[in-house]
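A, B and C label the chains in the order they appear, each numbered from 1.
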Amino acid sequence: MADEKSQTSQASAPVKSGFSRRKLLRRGSLAGLAAMIFGGGSVVAKQATEEGGSSFSDTVGTLFQDHYQKMSKEEIAEAIARIERQAKRDYGADIKVGNEPPIPGVVFGYALNVSKCKGVRKCVEACMAENNQSRDPQIQYIRVLELDQGGMELGLSNHYFDSETVPAKGKWYLPVQCHQCENPPCTNACPVGATWKEPDGVIVVDYNWCIGCRFCMAACPYWARRFNWADPKLSAEEINTDTHYLSNRPRYRGVVEKCTYCLQRTRKGRLPACLEACPTGARVFGNLLDPNSDIRYVLENKTVFRLKSDLGTDPKFWYFSD
Amino acid sequence: MKLISGKTRNNNPVRLAVLLALVGTASVGWFFGPLLSEALAKNPPGQEEVIKGLKARNNSVRGRINSGKTIEEAPGFKVKPRQPSMEFYPCDDCHDQDSMDKRVRILEEEHPKIKFEHGGGRFWCYDACHNPPDMNVLQGKWGDTIGFNESYKLCGDCHFERQKDWYFGGHGKRVGAFSDPKAIPLTYKEFLVKDREKIGTWQGERVLLNCTACHDPHSPSIKPYKLSPVPLVRSGLEKGSHEPHAAQPHLQIWDRLGKKH
Amino acid sequence: MLAFIIDSIKEMLRGGPKYHAWLGGLTLIILIGVYFYGQQLAHGMIVTGMSDQVSWGAYIANFTYLVGVAAAAVMLVIPAYIFDRKDVKEVVLLGECVAIAACIMCMTFVTVDLGRPERIWHMLPLLGKFNFPISLLAWDVVVLTVYLLLNLGILVYIVYTKYSGHEPNKKAYYPWVLLSVVWAFSIHTVTAFLLVSNVSRPFWHTAILAPRFLASAFTSGPALIILGLQVISMITEFKVKESVLRVVGLIVTVSLQINLFFLGVELFTEFYHSTEHVESATYLFMGEHGYHGLVPWIWSAITMNLIALVIMSTYKLRANQTLFNVACALAIVGVWIEKGMGLIIPGFIPTPLGEILEYSPSWAEIWISIAVWCIGFLIFTLLAKVVLAVELGRIKAPGANPGAAKTVAQAD
């Protein structure tokens, strides 16, 4: 060891004037490294603590929460309790997070009458109110396209139409939201399996499992998914307190969300918010497996088409005309 | 035969005429008797049977939906009663048999709110819908009376295709949180439904809105709507100012033909 | 082993004022990046310029480019070990250093791109839920991790044996080296498949994307190595032979030619009869509906690549060392623009619903990206310092024969 020490000290051959500078720089870089680790760690910890509010155990519990499909009933109940407490801290609202399972023998389907849609956008607004979407930055699950009559060139569509009244002359309207595909590209993309297809056909996201890589957003052919670029902003009066773990309970920054056919309503036999809001009655919803349902009538008797059906996504959202 | 005057008359022509008359009557009776008795034996088909026969033919050709069902076999439903919300009901408060004015005119005094824009001049109040003897009900095509709460049956007399859709759920709305289509809010601030029991159902009992909930029977066409707000881009970013579609509408092929492009 | 680690760390921190200034400067930029990343953690990804419309930006663009650089480090391995060129063998370890640094940069870029980085443990197979083999991102994680471990293993083994004064046992490392060559192709193909698998993006959903990735990777990666080796030659005692630069330059030349051929193939396929599917390409090359943010970038990139191609393909021009270096620099920048701005961003413009929202990175994104690049440079510097020290015999195990560690390079 001794000769090595002398060798190394020979190799470095310090000059008296340069010695302190070198040592300072060396120490500086070490300090910098430490600052990086400590600073980064503390910021993450701060963020994690703020997420859970003042309760440390809630933060830790949320941080190490398992995937929804792997949790036991008790674990889900605990997770729900944490979410409810957190909503109280974040928004001051008493929400109720349900966990209704899919109704057996039910697969949801949705149809939209493009002859009737006048581009009013009330469906978009109702969805925002029902599903606790962030107001700023604004998240809207439904995007209404204004197209020129005579074609369906989406590249020529106008998403920001703002005429005096609708329908505007020479235009027709195509609202697009998550089509709940039977062969979804998004669920294949997710590296952690945070999004999957439920037995009632709805594609859901576990907001506590999503890592925010946004690969699913790149994969979706209908531009149906939204990302929380910042903490969602909602006021307590605006919160819909009737929520479901997999659909409209308050979400977090950095996770992906999308239309879930209003699971909090439809799994209790009620209609989605967009359908109720439509003044023209253009929307039809129901159970595809029930031969007497409205949706089955439309699909079997009307001229029906699907968007981008050439991509093999097999969506459960149809468009029809009278 | 010997007549009183002592002259003798020949009886053969009289006898021949009587014989021919008897034979004629017998033949007529022979040929037409059975038919006559048949006709007299049965009643002629009444109105209900003729209508039923016509409806049967309609059902077999165009009245069935693709699954083979007819309107009568549509899933059961209830309709939200309309009468309670009618402003001038009961109508015979003003209308009685004697004050029937069947002239075509502008109703300035009587029903100033009614702008009649239905039918393109093909009919007037009492021709197609309203029932002069009893103005508290409507009249159907066959003179049958239809209450205001079932006024959808009247609409279906002419708009049968649409009625078929309505019966099976492809048209119209169910009763729910926003059952007055004219009173649906514009922005999310008013859209929150706090009373969850008000929300309509896709399962269970079907309660539909009558046609008149959306279509004013005197001016049924859907009027233009006011828009809800334009979507925002992510806060902190700006949408480019190029929106060519609003400024220059996409030219159709027939506009482009002959033009240099 | 412990002595090796201690000596390596000492070596990493030892050097002249310029060396420490370099390390200090890199650290300073990294700290600036850490500050901005802290902003990102505090406020969310709203500090970036990304949107729901363009949901991947500078981070994934740089990631795509750097996977190519990591893969291209293998370009030194092939002549060194498979064609047994002694001159290239001297620098092959530096290539491994490049690969390791690039791999770490890739992983860092993906991590800073995550919306919830504290949930990265969700990717672990048993504790979390690893959606392998159906998710391409899961594949990417696997292949990158294995590639990093392969390169680290080979590097540590060879350097350690040399440090100990022995010759590395060919039987021990050669199979792993071969594997790393194959694996290098796989990492970049998997990254290409990450994009190709999205049927929603017709700009990416083309079979030629993976070959284009490899061609552009083998253009820019070796070019980067050429410049890096010359820098090392200039500032250290380690001298890189001309022949090494020539053979790597040949790789750059051929790859440039193939790269431009592929570009031509793409342009024909897209523009012979424009469909709605080529709106992204139209936006990129010519602008669409009044939006033309990327047009000057892509044409500059193509021009740079063309100039580089002309210089590298013409013997007279390539013989001039300055032009040679200029060509390499042009190739690096040109491919960086082409792969980042010319591939990732246009995939999102227009959106699948036809909307065009342009993207430009925010200052936070730019500083974080530069900081991650500096992390890579820092790692490369530290690793190369140790490798060179061992190669030149400056550090060796106690009691090791001082002459055995010296390489052939010293003998001229």
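Assume a contact is a pair of C-beta atoms (placed from the backbone, for glycine too) under 8 Å apart; a residue touches a chain by one contact, two chains touch by 3 or more.
Predicted model only: the values in this text are computed from it and were never measured.
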Chain centroid nearest the full-protein CA centroid: A
Most remote chain, CA-based centroid, reference being chain A: B
Inter-centroid spacing, chain C versus chain A (mean Cα positions, whole Å): 32
Centroid distance [mean C-alpha coordinates] between chain C and chain B, Å: 73
Gap in Å, rounded to a whole number, between the CA centres of chain B and chain A: 47
Contacts with two or more other chains, residues of chain B listed in rising order: 234-236, 239
Chain C residues counted as touching two or more neighbouring chains: 46, 51-53
For chain A, residues that touch 2 or more chains besides their own: 137, 143, 153, 156-157, 159, 229-230
Footprint of chain B on chain C - complex, ascending: 46, 49, 51-53, 289-291, 356-358
Residues of chain B defined as touching chain C within the complex: 233-237, 239-240, 242, 244
Touch list for chain A against partner chain C, complex: 1, 3-4, 8, 11-12, 18, 21-22, 25-26, 28-29, 32-33, 35-36, 39-40, 43-44, 46-48, 63, 67, 70, 137, 143, 145, 153-157, 159, 176, 185, 188-194, 209-215, 217-223, 225-231, 252-256, 308, 311-313
Chain B-touching residues of chain A, taken from the complex the two chains share: 118-122, 124-126, 128-130, 135-138, 140, 143, 146, 148, 150-151, 153, 156-163, 165-167, 170, 229-230, 238, 240, 242, 265-266, 269-271, 273, 275-281, 284-287, 291-295, 297-298, 300-302, 322
List of chain C residues in touch with chain A within their complex: 3, 7, 10, 13-14, 17, 20-21, 23-24, 27-28, 30-31, 34, 37-38, 41-46, 48, 50-53, 55-56, 110, 113-120, 122-123, 128-131, 134-138, 141, 194, 197-201, 276, 279, 347-348, 350-355, 394-395, 398
